[in-house]
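Pasting in a structure now, in structure tokens, and then I'll have a few things to ask.
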Amino acid sequence: MTQASAPPLLALRGVHKSFGAVHALTDVELEIRSGEVVAVMGDSGAGKSTLVKVIAGVEPADAGAFRWKGRPVDLARPHHTRDLGIAAVYQDSALCHNLDVVGNLFLGSEIRRLGVLDEGTMGRRTRSLLDSLPVQIPDVRAPVASLSSDQLQIVSVARALLGEPELLLLDEPTQALDTRQVSNLLDLVERLRDDGLGVLLISHTMGDIKAVADRVAVLRLGRNNGVFDVNTTPHEQIISAITGATDHAVSQRTANREEYGP
Amino acid sequence: MTQASAPPLLALRGVHKSFGAVHALTDVELEIRSGEVVAVMGDSGAGKSTLVKVIAGVEPADAGAFRWKGRPVDLARPHHTRDLGIAAVYQDSALCHNLDVVGNLFLGSEIRRLGVLDEGTMGRRTRSLLDSLPVQIPDVRAPVASLSSDQLQIVSVARALLGEPELLLLDEPTQALDTRQVSNLLDLVERLRDDGLGVLLISHTMGDIKAVADRVAVLRLGRNNGVFDVNTTPHEQIISAITGATDHAVSQRTANREEYGP
Amino acid sequence: ATGGPGGTAAAPDALTIGVLLPESETSRYETFDRPLIEQEIAARCADCTVSYANAHNDVRAQHQQMNAMLTQGIDVVILDAVTEDSMRGMVTQATEEGIPVLAYDRLTQGPISGYVSFDSDAIGELQGEGVLSGLGDQADGAQVVRVEGPVWSIEHPAEAMLEQAGAEISGTYWGPAWSPENGYSLTTAAIADLGPDNIDAVWAGNDALAAGVISALKHARIDPLPPVTGQDAELPAVRSIVAGEMHMTVYKPYQLQAEAAAEMALALGRGESLDSIATGTVNTATARDIPSVELQPLPLTVDNIEETVIRDGMYTLDEICIPKYRRACEAAGLVGPAA
Amino acid sequence: MRQLRAQGVRGYLAAWRRRQLTEGLGPAPAVLALLLIWTVFQILDSNFLSPRNLSNLSVDIVGLGLIATGLVFVLLLGEIDLSVGAASGLSAALFAVLNVRHGMSEPLAVLCAVAAACAAGALHGYIFARLGVPAFAVTLAAALAWNGLMAALLGGSGTLSFDDEGLVAKLTSHHFGHPAAAYSLAALATGLYFLAARRRSRAQRASGTQSSSVGEIAARTAALGLIAFAAAAVLNQYQGLPLAFLLFLLIVAGLDYVLRRTAYGRQVYALGGSVEVARRAGLNVAAVRVSVFAVSGTLAALGGLFLASRTSTVGLSSAPVILLISAIAAAVIGGTSLFGGRGRTWSALLGILVIQSIASGMALLGIPAAIQLVITAGVLLIAVIADSLARHARLTHTPGADQDRYPSGAGGRLGSGTQ
Amino acid sequence: MRQLRAQGVRGYLAAWRRRQLTEGLGPAPAVLALLLIWTVFQILDSNFLSPRNLSNLSVDIVGLGLIATGLVFVLLLGEIDLSVGAASGLSAALFAVLNVRHGMSEPLAVLCAVAAACAAGALHGYIFARLGVPAFAVTLAAALAWNGLMAALLGGSGTLSFDDEGLVAKLTSHHFGHPAAAYSLAALATGLYFLAARRRSRAQRASGTQSSSVGEIAARTAALGLIAFAAAAVLNQYQGLPLAFLLFLLIVAGLDYVLRRTAYGRQVYALGGSVEVARRAGLNVAAVRVSVFAVSGTLAALGGLFLASRTSTVGLSSAPVILLISAIAAAVIGGTSLFGGRGRTWSALLGILVIQSIASGMALLGIPAAIQLVITAGVLLIAVIADSLARHARLTHTPGADQDRYPSGAGGRLGSGTQ
């Protein structure tokens, strides 16, 4: 981990985002440092995916201050955030079904030679990147429409890693993967963290988070509901933050609401 | 609970459902009895929502045998399953944004008088049904586009209850609800169970399931991975079934994989 | 068809004659010109065949049709071009391939070998005379509405004639097509514009427009109808004239035109000179001294139906005097009182 | 708790805004446009608002208005039917050929022509609903085919006239000359409106919803009555109530009733709101789609007969594209959305009044036909831009309406193409 | 593990099937259709395959072919441009008016005409991309407007002729008479194809993918060479290589290069695959859309000039709807999908050959124009139905492709309208 005195890789303050009358994010703040994995947890609809999209510039925030390595920045456009060094794997990890794997990986940042696509180089780089990831993709010239769901998921991850980002946003990246693949992916996250990347990881699975995350930020109904150190906080406390058991005079029933817990 | 000797309300055997190369459901079986709440749990992408859609006739199964009260039936069309007495709240709980609450509730089963919509009766019935549900909807003539997300969720629930079904399928029905609303909804589920309905409840929240479910059926990568009695099975066992920790020579890391649990 | 099968190889008298007509909105082309030309050619040359195409007002279609005919190896073309100058290139190509082109009805640019048509000045004069005869002694100070299709705005001889007689063209309405709908909507606008009582005569560019004009006047409850004139002597127009709703139309005896065309085409196909047939010559922007036949149109009113369209066999009495017009026919003396 | 009866102006505005959200822009812009157009043309040409011209207008709108009414059904699905112009021409031609050439009686020929167009519409609907071909592609091809068929039917002659005193000709030429006719229609319309409004208000009260007060209903009825009686008075000043206009009103009112008060109409709206929701609710999506295209074909045929009726002729020359564009423009101007689910048949009436007023005014001013085309196109463009902007406002100001339009909210694993 | 080099027929079939999945139906059906059409017409009329007719065909396809090429760009986005027919007419009229009436030099007038159409296309694109109006609505309105503008430009007579020996007339009348011209073009095309194929195969090998063997490449090159030299021989038998055909080939090949080998082309395909994915990847969606409509307008203008060049006349009379439908049919027949993301510019060449062969054959057989319309419409309908069914097969046989089409997979809270 980096020293606490260095400015965080990315710091958000007072982020608001509404879709019509739905307040998806209200006054959210978050800090992510280099060499750190921050998990974001929260119930369905808590705004986790929206947070990722705001940071990636895909759904710009309505209000909020962003600092990148201490410097104020504007995260209003996807290609702008990519240039900063932010990359994301979205929950729906959508790809262009009519392009091949290489085309999808390099979409928006094609390698050109003399103004023309350099398919050779792109193919080689795709090949070597995919070989380092937990799911095998035999043919990088296959249209992605012919891939299985774990392959699709991993192509999305590869796409994010391609630009060698400094901050990686992973929105439920273990979907559709089997146990061994999940384990490999988490190994990869740790490796990236050790290489000095900042990682924001969204997951419902406490086990995954315990394994790789340093801190957990909890969102509840679009608002911050605490940041916890994974190693020192009892998980019951995190779960109450997620389910909101702390912010109400709890009823008989809600006392029982813990997710996958006793 | 009804006696075990009566035929189950609904019994599925050997259900298969693929989307192209993705096998969403493989050889799934399930039984739901009247006066029983069966929870279905499973990781993201395990096929839970697909199961609900298959039962509701919205995405007919590719293969499988269905018995309704012991009698073989075909669940290939939504209006057919509705006539049987099956109603569902879908995970995306989609509504027609351009219709009002009454229009959405009665869509497909409008009350007519002399061939003409009987708005008065439909309005009254909507009013009285909504008043029994945990989220307030002041104006049943409001276009649903003007409702908040908890209101939308509850309109979907009301829509399912309207036909006085014998089997209710609830796919993550507590989304977007706050703690008190969740609690009220679970009370409602218990009341329905006590009235003799069969309920299939999908949820990620162990607390909710412990509170109302009788049995838990676990799906894993589209296959049955065990049915457990909620009251007698240690939750660790259910969680291993969900995460698949039981079906692999577990790695160091996967041993840690529990969702929201120690 | 340089060396194609039709021209040189076959018997000299077995000619293939291409007939290209421009449209079908006006009924004359399909109802008269085409059958008459086929008839006249058959009458003069039993072994000749006619290859026919109608361009439906589409320049490109006509181009392709003529190209197809050249590919097939026809010997002569009778061409009524969609527009005056759209077939110039094609005509040049045909001539280069040794296929003579006879311009029919409309003078076509390019090296054409002959031309047969009605005298357009005479048509214009007949239109003017028709309007004036309709107005009778009210011509001085009369307000005439002119309803036209898409024509190029050249001086029309009738304009001067009306002016001379003291009649005023109080409005000229141009429509995008020669159709009854346009006649109707233009006249409706004219009525709203000028007032229903200020229309003393309507000069319509052709019979299709005139039909719409009459509908519009009747819908506006203008009674009695002002004199309406047209052109082409189409069957509905002849009936309207019998019924007294239309005043006159310009009658062009298509039979004569077809005869001349057949004669000229066969002569061209046989490589003979047109001097014996032609009655004069015309010039175009691209060719001079084209041998031509210019025929005289006739005015058609209720008084000369028998000696024009009926005598020439264009329409029979039965066609004109359908039950609805029986009475009018009796009144006009076309048929005797019903037995 | 049961109801929020916000009173007075604020409540009224809220209700209006709510209606705007469900029903798109609604008729307000069209009404304003109409007032503006009438004022401008009346200033430019004092004959514009003469009883004669207004009476003519009331007949002239019918043909295109019926076509536009059929299009409203298709637009409610969020689809388009580019074949209506050609279908209207084809059925008019079919009528004329059957009646004139084959001596079929007029009523029978009308029936055949309308049935053929209905079948053609159902065919478009089938290819769209069952084979999955985009509606614009089916109907574009159909437009060309029906056009060709019409030409083939009319054959050489190109135009065909039918009896100008017959049934079809009477459709536009007959007027009910007695003043009582127009006035009683006005009275009837006003009365029915009042009854319907009171009924709706009662139903709203029954479901515990804010309902219009009696005063409000009375005021609205009075306003409608004023317009109705003024129109009747104007029509009576010329030739009385035109049959065509009466039929048009009856058809529009009848179909509005079908759309708003029957289960079938509810299904049409539901499909325009969300096909998937409708499917899950057990609606027979394909059947509704086929039926809607059949309705569109049928009304196009009726419209074609009214258009032909004015001149008692059927000709190739009338350009179906202009009919098509005017009809789309009418529906959209009147407040029916291109994006489905929002609109009423009345919008066709209102919109065609706007379109035809412009056409009539331009004709009076002697504006060349070419320029008229450009202006009609401009009107359509303005209407669709306004509709699109209104929809955008709806999407960004209401929670999640049409969320699927912003595919980021959708969970498709592989991208989401627009089309 | 790095690569699955399945050899022989099985590997080849797998590759073909894979290509079919990415690129839609592809050209195979069109090639078969072409062979069939040529055989049938040759049997019916022995002049059909005469050098004269084939040479004419090679010139006749150019105008419509260019319009169809522009449409391919729009179809790749999954959108439609209904204005291409009108835009081509407008720019031809603009050229003629500037050149003939205002005495502007031909090259300058061509430039102005093409620039105007390009601007018009960009305008359509802007209204679609920025204001959110559906493309069909924008371009439908535009079609009418440009038509009206064309009529206004041409004025009363509706036609205008230009110098039939001038630059524009030469576009279709000039032939390179020397046999070497056609043969060297054939040789060049074959050679370039070989180089491109070898290069692609190398790139594939570099990324560890199954690549075509040298033998396979050689076989394919030989087949292409055979066709190319046969075509050259036929053309040389009549008047030699037509300038128009040469230009058409160059434009199609050039634009294919742009689409397949540049980042811009990749963006066009990506937008056709998924707008949302493209947006997230940081592409400037609106800019690509505007540019594509501008390309469509530009090519429509060029096509219009070639069409006018044939007759040295610009006239109102040729119906833009027929141009539009033929162009759409050509693109779709050639293998470009209506649903976006699948297709190549070569499909326009192939498709227009089919369309124009049918037209030419029917003209030779003297089939009436009305029937020709019906047949053209039928061809379009068959093409779009085949495209739709192929897409359906793709969706149900490949995992989750176009998942958003089956909205049950989408997570929109409120319904998902189609449109």
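Going in written order, the chains are labelled A, B, C, D and E, and every chain counts its residues from 1.
Here is the rule we go by: a contact is a pair of C-beta atoms (placed from the backbone, for glycine too) under 8 Å apart; a residue touches a chain by one contact, two chains touch by 3 or more.
As the structure is a prediction and not an experimental result, all values here were calculated from the model.
Novice: Counting one step per pair of touching chains, how far is chain C from chain B at the shortest?
Specialist: When the steps are counted carefully, the minimum from chain B to chain C is 2.
Novice: Skim through the chains and flag the pair connected by the most C-beta pairs in contact.
Specialist: D-E
Novice: With chain centres set to the mean of the C-alpha atoms, which chain is at the far end from chain A?
Specialist: The most distant chain relative to chain A turns out to be C.
Novice: With centres defined by CA atoms only, which chain is the most remote from chain E?
Specialist: B
Novice: From the C-alpha centre of chain B to that of chain E, how far is it in Å?
Specialist: Once rounded, the distance between the two centres reads 50 Å.
Novice: Using the average of all C-alpha atoms in each chain as its centre, how far is it in Å between chain A and chain E?
Specialist: Distance between chain centres: 42 Å.
Novice: Hey, how far is the Cα centre of chain D from the one of chain E, in Å?
Specialist: About 36 Å separates the centre of chain D from that of chain E.
Novice: By the touch rule stated above, which residues of chain C touch at least two different other chains?
Specialist: 56, 174, 176
Novice: Which residues belonging to chain D are in contact with no fewer than two other chains?
Specialist: Each of 151, 272-274, 276-277, 280, 340-341, 368-370, 398-403, 407-416 in chain D touches at least two other chains.
Novice: Out of chain B, which residues touch more than one other chain, so two or more?
Specialist: Touching at least two other chains: 21-22, 58, 94-97, 145-146, 148-149, 152.
Novice: Touching residues of chain A toward chain B in the complex: what are they?
Specialist: Its residues touching chain B are 21-22, 43-45, 146, 148-149, 172, 175-176, 178-180, 182-183, 186-187, 204-208, 210-211, 221, 235, 238-239, 242-245, 247-248, 250-251, 253-254, 256-262.
Novice: Write out the stretch or stretches of chain A touching chain E in their complex.
Specialist: Touching chain E: residues 56, 58, 77-80, 82, 88, 90, 92, 94-100, 102-104, 107-110, 112, 115-117, 119-124, 126-127, 131, 136, 138-143, 145-149, 152 of chain A.
Novice: So in the complex, which bits of chain C are touching chain D?
Specialist: Where chain C meets chain D, its residues are 23-27, 29-31, 34, 56, 171, 173-186, 188-189, 191-193, 195-196, 208, 211-212, 215, 218-221, 236, 324.
Novice: Under the stated contact criterion, what part of chain E meets chain C in this complex?
Specialist: Contact set of chain E toward chain C: 45, 47, 50, 52-53, 56, 60, 151, 156-159, 161, 164, 169, 173, 307, 310-313, 315-319, 322, 359-360, 363-364, 366, 368-370.
Novice: Can you list the residues on chain D that touch chain E in the complex?
Specialist: Against chain E, chain D makes touches at 78-80, 82, 127, 131-134, 136-138, 140-145, 147-152, 272-277, 280, 321-322, 324-325, 328-329, 338-341, 368-378, 380-381, 384-385, 387-389, 391-392, 400-405, 407-419.
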